[in-house]
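These are the structures, in structure tokens.
Below are two complexes that have chain A in common, paired first with chain B and then with chain C.
Showing the complex of A and B:
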């Protein structure tokens, strides 16, 4: 992004412009991070505790399974996201009926408005054969009750479906917009050279979408490791049968508020933080997507 | 001549896939709207996609607003206060910061930029439990500022403003303003801000939606049930639905009331969504086409 005319000018006033943001960054970005690290390496009396909090967390019978749950969920969610978002954006982009394409993009994008608890509420109903609009489908798959649908083995797929339902449409809109930035002449030339839809997509469009796909995967991965509201509400709706202590964030919450053990809770937070930080740093450095200057 | 790569009519398989996905995305929303117009009995026995009656909708609304004498309205008010206050602070803080990062040079600029990018890509839920410990240490638990201020910290907004001013603000204009004797603040106010409407809308959209739909932070930080936003309130309602929680007693909430509550909870975001699709893409891609 180093264009000739864009050399920033030195400014005395700049600190005043960034002051408010720097204060918030310190108070709600840096201080909680330092605080988490402090608690993670001390015991309840404030004495240095080495790695014992991490060991406690790892030794908890729920810890490994929570990691496993989230890993499985991430595989389903990321695979579905990449395949379907890119595929649907490409197909929509080839539609000549612009109005239809626009209407479909809007319909796909709409559930994004239900992000958070609202989407889980809707899906609790969708997954209950007694009231579901797709009850016939659930029964055809052999599920008669809500309890059978939310069997532990189904949860990664179900959570991925909920996340896809709320999140995919926005990304389809973004990918479609990115496809529009590819010059029509390039696509035309490919067609004249005899490239079909598949080859055009593989050799021209997908490579040009690459950085957006990477960006989407990074954000989805980072968000996915934070799974909380879906299993939390599901566990409420099933009286703790399904989804309790399902994700590391729930476990951290339980340690802090059920067991009064903020040190172990902080250790889990630090681990999640490191994962998020490493992924973010690798992306910032490697992708060139966020060239700082 | 076959130069148009777009196809007039998609092949049937493609059309089928597009329609199936449309059904997948839209059916639950349609169902939710219809569910709010039914009695619990109709919800179970009528066709899932049938309309109940206006009377039932009315009754559901009365029952819902009757729950703990209008708790839902209080939750909505809380959500609005948190989301709008945070939105105002975010805009006041993020737009000038993005501007300074884009058009000026100062000590620590690069560090601030990198820190912003890293924090922006880290999901904010990571810091919720540590944030609780911090807020607890300064005795702010229970204050609405314990929600509004963390919401106001929005590095993605700073990044968007940075990209926007870097790409869309002609440097000559700023230089001319300077030559005319404008101070840095005057140049920002009279030259940059009038051009900033698209990015203000974009930052406002993302900030509002993110804060309105946040669940984890208020769930952890707010102890009083009269303080929670509507998202957390939905969870409370859920706890009192007999079909989901057989121990729900006197406060029992019927399922159509929950559907109605969900609908009410998303209306503000839905309205924003209806008007946002176009500028959303334009704004995001402004950053992408820059290099």
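Showing the complex of A and C:
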């Protein structure tokens, strides 16, 4: 009876709530995407160009190395993200009765509340042994100068650390929320059956979190392939020593604004979109993401 | 579910594509009609002129110039915008102009760039206005030092004006040289020998730094290394492994190994903290005096001296390098050409700014005279700066060109990380050559190796 009464009101309000999202999605998501697809298949004069822009991008000397960089970065970033986010969420959940959990959740979330580029800027100072608050740590690891810290081999780990610091806090809070949806009876039953913290996590909590983890990986993968702010800012800060032409997204930017070739730039963007969609599709299908519980 | 979505996509895409194409066409049509409204004069199609603030983009060093102009000309409405000055090949200006070209507005009226290669793109992007076709009198333009505006010239037309010459000289600590009984080296051979001697007698002291993006412009340019000899508007000859290059690279390697040459950038925080007070000698551009020693390191008065750049003992025509120098561009889209030209003329030629305030050696010869007199009168330097700076101004090796690709950015990404990791510069010269050739080709250059 209550649901029947509530329904008409809900259906009137729903479009209004959704409209804000849909309009922004169209203006800043769909229209630019279509615009990029249009550019990717045309030449500078606007004539249909087939796949020539894609061929130009693939033939560029920076293309393969950029893909390699991002692949390596994704391995570090996704592995780090899954292990630490799930791990920290489980620890938080264990600590929930002791009051520290709330403070920690806030602490984890804090870096994410800073604007993206600003929180990356912080790292430019953290990574410079001459000015870093953790300079002693860097020196203990054998790094005396900023140049040594940003050696090419260190970059995937550094970018993953920066991305984790700026983006993982929100996910920890989400995972924590998801853990709270697991029925206390199930956990109690596990405890009675003699399961310790590790057993409970491995056999009950993590399997029940699977869909959340898949969701996080899909979004993190899409975000990771579009790596841009971290290497671009590092490149500026290191006056071009590290991070220049590091990711395909930067290469796209360089094509557009340095080589004045918007069409090839768009082709790279479209490739990134396709990769993101395909990987999302694979994960969704393999994990049964949309299956009813 | 997914399959159905994918099947539905093409039709929707076609509709959206059609809409987008129509929008794009409309935008192009608008842009076209706007530019047709102008009048052809002074060698380019001018935008309709109007009142309104003069928009000037400057880097932090040049903002003093714009502010002084505003103070002297309070009736001129000015909008002074600070930006990175395209330092180290950041391409900020090119990026912005490319966007402004797309939207059809937003260009600054006058802009300073710390790079000398802006004409390579700003002319084809139709941003830079020709300056010697009526905007500025030839008699004024003749006042620039010989070849100073060469990087700004395309097919005989001048599209920008050099701010300062950045000829390299040998800076040294005169007090320490006397105290330790050293002679200022005149050849690279003597320089290398002294570098090794300092390393053993006074460990920690430096005879130079090789960690900057402009390191090749100080050392390899002076050694006549043909790493980027621009031979045409889109043609470059790259030979970074010749003996001219490799013998300078070996010299650098030997003093780096001896630890009397730093591999940090002189502008880095670790150099400032650990090495700035350990400089015995430092080959570098003319602006090191004001900008680096006086400004950044706060070296006390009477300590810093200038000597001519060393040369190879067997070289009969000594040459020096050049680090930037900066250029001023005037926008062809400017609706305030009169005010913009007035400002451009003042900022590049006036004694008030170039002669008395500027940190670098003015490219406009009459202002350079005032500047040199002011430097001598300041009493900051330990010896007479006029002779070595004037001599070096005429010795910049002309075969190191300015392409659209940034030499500084290529060196930074290719050589600096290896240098930090302990590799020798000589071993990285082939990689450097390949990188220059690759970047040149990606900008559409015909590359000869």
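Keep this in mind: the second predicted complex is superposed on the first by the 243 of 293 C-alpha atoms of A that agree within 3 Å, B and C clash if a C-alpha of one lies under 4 Å from a C-alpha of the other, contacts with A are read in each partner's own complex, and residues count from 1 in each chain.
In this text, a contact is a pair of C-beta atoms (placed from the backbone, for glycine too) under 8 Å apart; a residue touches a chain by one contact, two chains touch by 3 or more.
Here the structure is a predicted model, which is why all the values come from computation and not from measurement.
In the superposition on chain A, contact is made by A:148 with chain C only, not with chain B. Shared-chain residue A:12: touches chain B; no touch with chain C. Shared-chain residue A:24: touches chain B; no touch with chain C. In the superposition on chain A, A:226 makes contact with chain B only, not with chain C.
Touch criterion met: A:281 reaches chain B and chain C at once.
When the two complexes are overlaid on their common chain A, residue A:236 makes contact with chain B and with chain C alike. Legend: residue contacts after superposition of the two complexes on their common chain; A:260 is shown touching chain C, with no touch to chain B.
Ranking chain B and chain C by residues of chain A touched puts B first. Comparing the two interfaces of chain A, the one with chain B and the one with chain C have residues 31, 35, 128, 130-131, 236, 238-239, 256-257, 281, 284, 290 in common. Of all the residues in chain C, the ones that touch chain A in their complex are 1-2, 13, 16-17, 20-21, 24, 87-91, 94-95, 98-99, 121, 125, 211-213, 263-265, 267-270, 272-274, 406, 408-409, 412-413, 416-417, 420-421, 438, 441-444.
Residues of chain A touching chain C in their complex: 30-31, 34-35, 37-38, 46, 60-62, 128-131, 144-148, 150-152, 236, 238-242, 244-245, 256-260, 281, 284-285, 290.
On chain B, the positions that touch chain A within their shared complex are 2-8, 10, 14, 17-18, 21-22, 24-32, 35, 43-44, 48-49, 92-94, 96-97, 99-106, 109-110, 112-123, 125-134, 137, 149-150, 152-153, 155, 158-159, 166, 171, 183-185, 188, 209, 213-216, 219-220, 231-232, 234-235, 238-239, 241, 243-247, 255, 258-259, 262, 265-266, 269-270, 272-273, 277, 280-282, 284-285, 288-291. Chain A meets chain B in the complex at residues 1, 5-18, 20-22, 24-25, 27-29, 31-33, 35-36, 39, 84, 88, 91-96, 104-118, 121-126, 128, 130-135, 165, 169-170, 173-174, 176-178, 181, 184, 187-188, 190-192, 197, 200, 211-212, 218-219, 222-223, 225-226, 228-229, 232-233, 236-239, 249, 252-253, 256-257, 262, 265-266, 268-269, 272-273, 276-277, 279-281, 283-284, 290-293.
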